[in-house]
Amino acid sequence: MAWSLNDVSQHNSSSDCWLIVEGQVYDVTDFLPEHPGGKQIILKYAGRDATLAYKPIHPPDALERHLPKDKCLGPVNLEAKQQLQNQESLRKKTKDEVRVAEAQTRKPPLKRILTLQDMEDVARSVLSYKANAYYSSAADDLISACGSAPPLIFSLTSQHSAHSENVRAFSRFFFRPRVLRAVSHCDPSTSILGYKSSLPIFVSASALAKLGHPLGEANITKGAGRCNIIQMVSSNSSFSPAEIAAARVSPDQALFFQLYKHTKDALALKLVREVEALGYSAIFLTVDAVAAGNRERDLKAPWVLEDQERELEDQLRPMVEYPQDEAAASVLGTAGGLTAGNDADMTWEKTIPWLRRVTKLPIVIKGIQSVEDAVLAAEAGVDGILISNHGGRQLDYSMPTIEVLYRLRQQRPDVFRKTEVYIDGGVRRGTDILKALCLGAKAVGLGRPFLYAQSAYGDSGVVKIIKILEREVGHGMRLLGAATINDLVPELVERVDWQPILPALAKL
Amino acid sequence: MAWSLNDVSQHNSSSDCWLIVEGQVYDVTDFLPEHPGGKQIILKYAGRDATLAYKPIHPPDALERHLPKDKCLGPVNLEAKQQLQNQESLRKKTKDEVRVAEAQTRKPPLKRILTLQDMEDVARSVLSYKANAYYSSAADDLISACGSAPPLIFSLTSQHSAHSENVRAFSRFFFRPRVLRAVSHCDPSTSILGYKSSLPIFVSASALAKLGHPLGEANITKGAGRCNIIQMVSSNSSFSPAEIAAARVSPDQALFFQLYKHTKDALALKLVREVEALGYSAIFLTVDAVAAGNRERDLKAPWVLEDQERELEDQLRPMVEYPQDEAAASVLGTAGGLTAGNDADMTWEKTIPWLRRVTKLPIVIKGIQSVEDAVLAAEAGVDGILISNHGGRQLDYSMPTIEVLYRLRQQRPDVFRKTEVYIDGGVRRGTDILKALCLGAKAVGLGRPFLYAQSAYGDSGVVKIIKILEREVGHGMRLLGAATINDLVPELVERVDWQPILPALAKL
Amino acid sequence: MAWSLNDVSQHNSSSDCWLIVEGQVYDVTDFLPEHPGGKQIILKYAGRDATLAYKPIHPPDALERHLPKDKCLGPVNLEAKQQLQNQESLRKKTKDEVRVAEAQTRKPPLKRILTLQDMEDVARSVLSYKANAYYSSAADDLISACGSAPPLIFSLTSQHSAHSENVRAFSRFFFRPRVLRAVSHCDPSTSILGYKSSLPIFVSASALAKLGHPLGEANITKGAGRCNIIQMVSSNSSFSPAEIAAARVSPDQALFFQLYKHTKDALALKLVREVEALGYSAIFLTVDAVAAGNRERDLKAPWVLEDQERELEDQLRPMVEYPQDEAAASVLGTAGGLTAGNDADMTWEKTIPWLRRVTKLPIVIKGIQSVEDAVLAAEAGVDGILISNHGGRQLDYSMPTIEVLYRLRQQRPDVFRKTEVYIDGGVRRGTDILKALCLGAKAVGLGRPFLYAQSAYGDSGVVKIIKILEREVGHGMRLLGAATINDLVPELVERVDWQPILPALAKL
Amino acid sequence: MAWSLNDVSQHNSSSDCWLIVEGQVYDVTDFLPEHPGGKQIILKYAGRDATLAYKPIHPPDALERHLPKDKCLGPVNLEAKQQLQNQESLRKKTKDEVRVAEAQTRKPPLKRILTLQDMEDVARSVLSYKANAYYSSAADDLISACGSAPPLIFSLTSQHSAHSENVRAFSRFFFRPRVLRAVSHCDPSTSILGYKSSLPIFVSASALAKLGHPLGEANITKGAGRCNIIQMVSSNSSFSPAEIAAARVSPDQALFFQLYKHTKDALALKLVREVEALGYSAIFLTVDAVAAGNRERDLKAPWVLEDQERELEDQLRPMVEYPQDEAAASVLGTAGGLTAGNDADMTWEKTIPWLRRVTKLPIVIKGIQSVEDAVLAAEAGVDGILISNHGGRQLDYSMPTIEVLYRLRQQRPDVFRKTEVYIDGGVRRGTDILKALCLGAKAVGLGRPFLYAQSAYGDSGVVKIIKILEREVGHGMRLLGAATINDLVPELVERVDWQPILPALAKL
């Protein structure tokens, strides 16, 4: 049976709630209390079409996976389909959609992209305001440079953040290049957890790539595969682990999985089994997200748009809504929905042994932010640690990651012999990668740059920034007098006692 | 008997000076030499209505309290009342009043206030120029950021200040967050001098709340009571201690009293007895105000307004007048009037034992700015010390308070075991509070943020910022791996050797 | 006999050169090679009236003192006087003169001047471009803040300088104020070389006060005398030592003399004898001016004006002319003329003993810039040293003076017991003075602030800034817990490891 | 035989490629694969006149030197010459050419140039966009000051660079001047590798001077000769070593040669023999250019111009073209062509002994960037080392050179006794030179300042900046108390722990 719009519209309350997504009708009444983003956001669409709000932030198969079969009520009828299409075609474009469409026509040819910053600049111009806000948001205060951001935007909140401290911290490390060493042959390849990588970098997990491009994370999978680097897949991807695995360029392309452990061990185990079955090669257990980051930029985005365009309020608001109820304050913004259900009671004693027990995959702890925890991790026998503060998105004033790595090198160099050490956060140049490797990192993760690259040019953008980094890394190795990754030693780097003046990197 | 305006106008000299305040006539001839703000300011209104200048900066019962009964001459007559009303309704609004009235209509809904900075932004927009100048003023040079202040204002004097150094200093303390600790249950409550507090914060005394809102300090009392945090009440409140006590939401709501000790012990004692009788729970003896702060912003405010609007000079000038007589230079601006009579000869040997003798209330010394004095205070056996530089309002280049706390932690950790240590000055975020607690503070005071909150939204504003801080503190504790206040230890914080770039916090 | 303009105009070559100054005719032919500023500058006026160029930069009696009697040829005749007056009244005002005249009408009342910076702002507005350039110039690169300077001016050269480093250096010293000390009576008076001073400050020598006000240095003498502080008189004053001595408010007003020792001992001795006879109380021997400072701002001033007003080139150029001849490059700008004849071969072995021999006056060495030289001076038995880098006007990147004082305190505290130590350079606030005193300075000199004050308001301006500093010093002493100068000890000050953000102090 | 344009135009493919340069026809078919800048750039002109693109970046004799005689096909005929002239005269000037022509008319007289910065300002105004981009480019990110650069230019990429860190680093070294020393006679002369130099400076090699002025490097040769300082000639000069030698003002004017060693020893040897024969006095072996610097500014220049002027694309593009082929990524921009063929496998063991063997000339290693390599060089017995990071043009975040010198002084003062130590990079003032000499440098190189000087005023510009530096050095020596170069000792300099605020030096 196929439904008319009128049929659906009868079920428009919290005790009887249907909605339409991509032409399919769903009864979500029982699901309302479980929705990570809160029920209010769904109720806005009770009895109506929710495709526009749903699609950019959910995996395609999310509804099917979360609803019992009998709550998937089947398609709308032909007339309804036509009516929905008419609605869409009549819908007035928002100012932000007009801006994006225009920017798409002015996008420079890919060959003009010389740096990751160039790529980010293009991405910011073609991303929707909401996507920009989500991608660039970080905890608490954000630093705003006198960059290219439209001046009306975030002018009040453009502030300092650990996000930018991550970037600034790299600039306090200078090189002590060595000369008269044979470097005409220079090999930047390495291995990560035993998997070959053409460069000492990997894709660090980041959520909701579909906000920037319809093919989302799959773009990254394809680009990484073509260049032989490894992607860590986010639990909050806008595609399912299976869909992303299916996007690999070859069956032996390695993928890592970023695990947000669910409060219920059973649900967590189910997810582990799923990714094991799909052939993922390692589990990156995320430990720095026991509470949702306080991302005010993200929260304010809808208001900015609202103020820009009052009459379109209804279309824009649904995505992110600030909870009226202060008691619910821990569920915040786009980020809020993503952390619901995450286990906030993980411990060294309980969680690591449990995970070690249930899977044979290599285990990496993602989110180490102190020397002490690095030591505990090494003692716990995990296969690697990722020094990360979640791109500055969680706790403002968490120590910049390269500074943590530096302290680890100074205070406990033995840790590097016991476990592989990675780092992410603020890496934008080949020189950043080289600094981290000199200090002992096995590889370096990049997150936002891949989001920007795929948003701007799809998988070609992803390939492009890897090639840029390849050029920058090779070039830097030669000028440092290093022919192989093993030649990158601590003596090549010095932490200086002054602060270089940095360009405006975060422009939105 | 009721007076006509003509009756009053006969008494218009320094030897015979009457004035009208809120419809009542007073003979202030004998009071002229005692007026803390100087007699000239009163003489401007000799024989006239002074309500407009008087009301925003005096407690309602101030005249009755300071004048003998027989100098309160009774009400004006009906005709006079009508004439005064007519005068008021005919009075042309100043440009600044017009600006404020307009800003009031554009005030965002409270739910859009996500941070204390958002709140301050709103407050600044709806505060009069004079209130802005008084609230934001600090000693000597003030830093001005490229913020939202109307460009005509203070453009010459927007400069550096210890006030902003208080803020900047917090940014040099970074976190070393710990992971894999059970934090799903997280309790930020504590006690201060034995009184329960839902958060490790309290309201630090600040004067003249009525400048920002007709209900002034009472807004703060109500908001603090509803959220179970404690208010320290200023000696210079625009309401009397009794009026503020009466505003409590329940009889057991704790209040602290900030004491400016009068030169005459007897007068000081009388005040102590008064607040004891009203049920105040502790005395915070202020020791950093033996001279009035040199607040040039405050002093210049009337000239700025004058230049803006020459014809209204007379209305605007009275409030703050720079003394012609250089010898009287210690009485300066709005602040000047507030410190007259304060004891500048308090000593460790004399004053603390005296206070200990006359009251059983807990005693806290407010205004400690050095490790040495913290040690002396602990040896003197006081119940607590408040490390404070008066919000940077007294001596420019006094050490930022978080730096004093840090030095105390480094050099004399024993002091924290002997007395409770608090800190105020520059606290704007939950992370600031957490840093201070990690370094050993029992609780953290905030002053200006409460002035701004009540100015913008009355008691709802006060509740709002407490809720914001509750969210930020709870969120930060979880991400630090701290489930209780006791888990906040020095090892979680590191003072770094670089200076992050801060957003423009002080915009006026 | 009285001369016609035609008479004078016959003598218009380097072999026969007459000129008119204030109605008197002089034969300067023989003097041409001796003129410190070079002969070309005089030859521009050969056979003509030179009053306009001569007057603002020479003492009134300079011609009489330097020329033999028979070269003073007597007055012009009445017709010539009339013609010269007509010329002057017909002369078109330059744009800069128009600007200054206008600014004079907008000068705020003196009571609105609250700070030395306020005073400087007014002075800059009413000073001619040339005076501004001379007063504010310093060695090499000057920092320009985004201040009030007309944008066309110095836009290319607004740069960093030791001048501004002098100022910035003070901001790295913070206070550790002490509380609970009796300070109601607070006495900031002290003595300098045994002479009483109402404040621990003195006027540091600065040249050419007449550029800013017709009464020049005499304004300073009067103001200092009225406030009981001591003036150090520059060898390069625009009034003679005798004229300045005559301006004293009482015969016992102390004056110090700043000596630029002439290469020829006899000439130097003559000057010493002169000031001894006039009752000067000490000799400040200047040792940091063995070469003229490289003051590009000063040199560029005429070009800026020229570009502003091509047709008036002739009037403007004469004052300062860049030497065509590279070999003459050490004679530069307004400053260049002032150092010609100065002894560049003074030594510890020769000069100090000589001076000690020839005079009984106390001797102070002005221009000490290193700990080593402070020690040598103490060993040489001089009565005092003035740590000074000539206001940053000589060598760029000379160590800021407060930093030199700090190093002296750290490394050789014994020097403070052996000789009096003073400091100047960058002092703008009472807090600056207090910092220097805490670190061991006996008194602190201020130079430019007095030039600005007398330029803006004559002797009243001078009194005003002393009163401002008196208020600031007294206020700061109380808040530091210091009742007398002796209570200002090193423990009250801490050099911090961060750099506060300073306001734009140097606005031109 | 003389060719018609039609004749030439037949040979317009990669298998048969002729082109015209300055009226001569060349068959470059066989040369295509060997062209350092790639063949595509040549093919743009296949069958056409290439003079405009060829001339500014090649030595006049380059074609004759690289092509076999029989490939130089002789001149075009008269008609062709006429046609080419017509084309040129009809060619529409580009906007950039118009801007440059205009700027030439506004150039200030040379006597107004007081500083190297003044000179650079003039040069930037009269240089083509392309020359500006090449001269000012450096590795990776460049800092952009709020200077005089046309706002449309490089606005996206104006960023931090080691180039500006070279400059900023000098500002952290302050002087501790000594007084009372005889300095009226002051001698700044010294010797470099035994050759007399009137100042402790030399011209550091920089390429492509003809981009800025038709007489290019010859201007520098003449200016240096007239002032008795020594020029180091770049391997990549736009004139040949012979042409530059011929420009000397006297036969005994010393020249040094900067050697980029070719991969093939035989070719390198041939070049050494050539410069030996020409009378060059030393070999500066460049070791910091084993890979081409990543100069994005340089690469982006043509696109900026293109966007400015779409219709002229063809004329502008050829010079620098970003390789489509990622594999060819090491050949980049103007710089790319210059490093092709350079030996990337030089070693201490092999290369230095080889060079020592083949020549008796003094050997200096140019590009030392670490204390370790300075020590190795001293042990290898070379005659000198030049601490240099190639003006920041190679590896971003290479340690500023004055910091390397400082570390060498601190850690291995013995090296200064074993070999002569020079430094270049960021030297713009006499004070910079003095700082380096105090720390132990024998002499200091300047590169870009000479490019700018000759671009602005030819050889007179070169003389001018040497005279400026002479004045600044002499002036600074006197004020430091140093009468000779030997008096410049480490104790006169102190590295401070704060960062002065610098003016915008790099304005493009």
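Observations on the model:
So that you can tell them apart, the chains are marked A, B, C and D in the order they are listed, and the count of residues begins at 1 in each.
Assume a contact is a pair of C-beta atoms (placed from the backbone, for glycine too) under 8 Å apart; a residue touches a chain by one contact, two chains touch by 3 or more.
Nothing here was measured: the structure is a model prediction, and the numbers come from that model.
Relative to the C-alpha centre of subunit A, the farthest chain centre belongs to C. At the interface between subunit B and subunit C, two copies of one sequence, fewer than half of the residue numbers in use are shared by both copies.
Separation between the centroids of subunit B and subunit D, computed from CA atoms only, is 62 Å. Centre-to-centre separation between subunit A and subunit B, using Cα means, comes to 44 Å.
Multi-chain contact residues of subunit A (touching two or more other chains) are listed as 497, 499. Pairwise, the chains that touch each other are A-B, A-D, B-C, C-D. On the side of subunit D, the complex with subunit C involves touching residues 111-112, 114-115, 117-118, 121, 148, 171, 173-184, 429, 431, 435, 467, 471-472, 474-476, 478-480, 491, 494, 496-503. Residue ranges of subunit B in contact with subunit C, taken from their complex: 140-141, 143-144, 156-160, 164-165, 168, 172, 287-288, 290-292, 294, 296, 299-300, 303, 322, 324, 326, 329-330, 344-348, 351-352, 365, 367-373, 376, 389, 394-400, 403, 497, 499.
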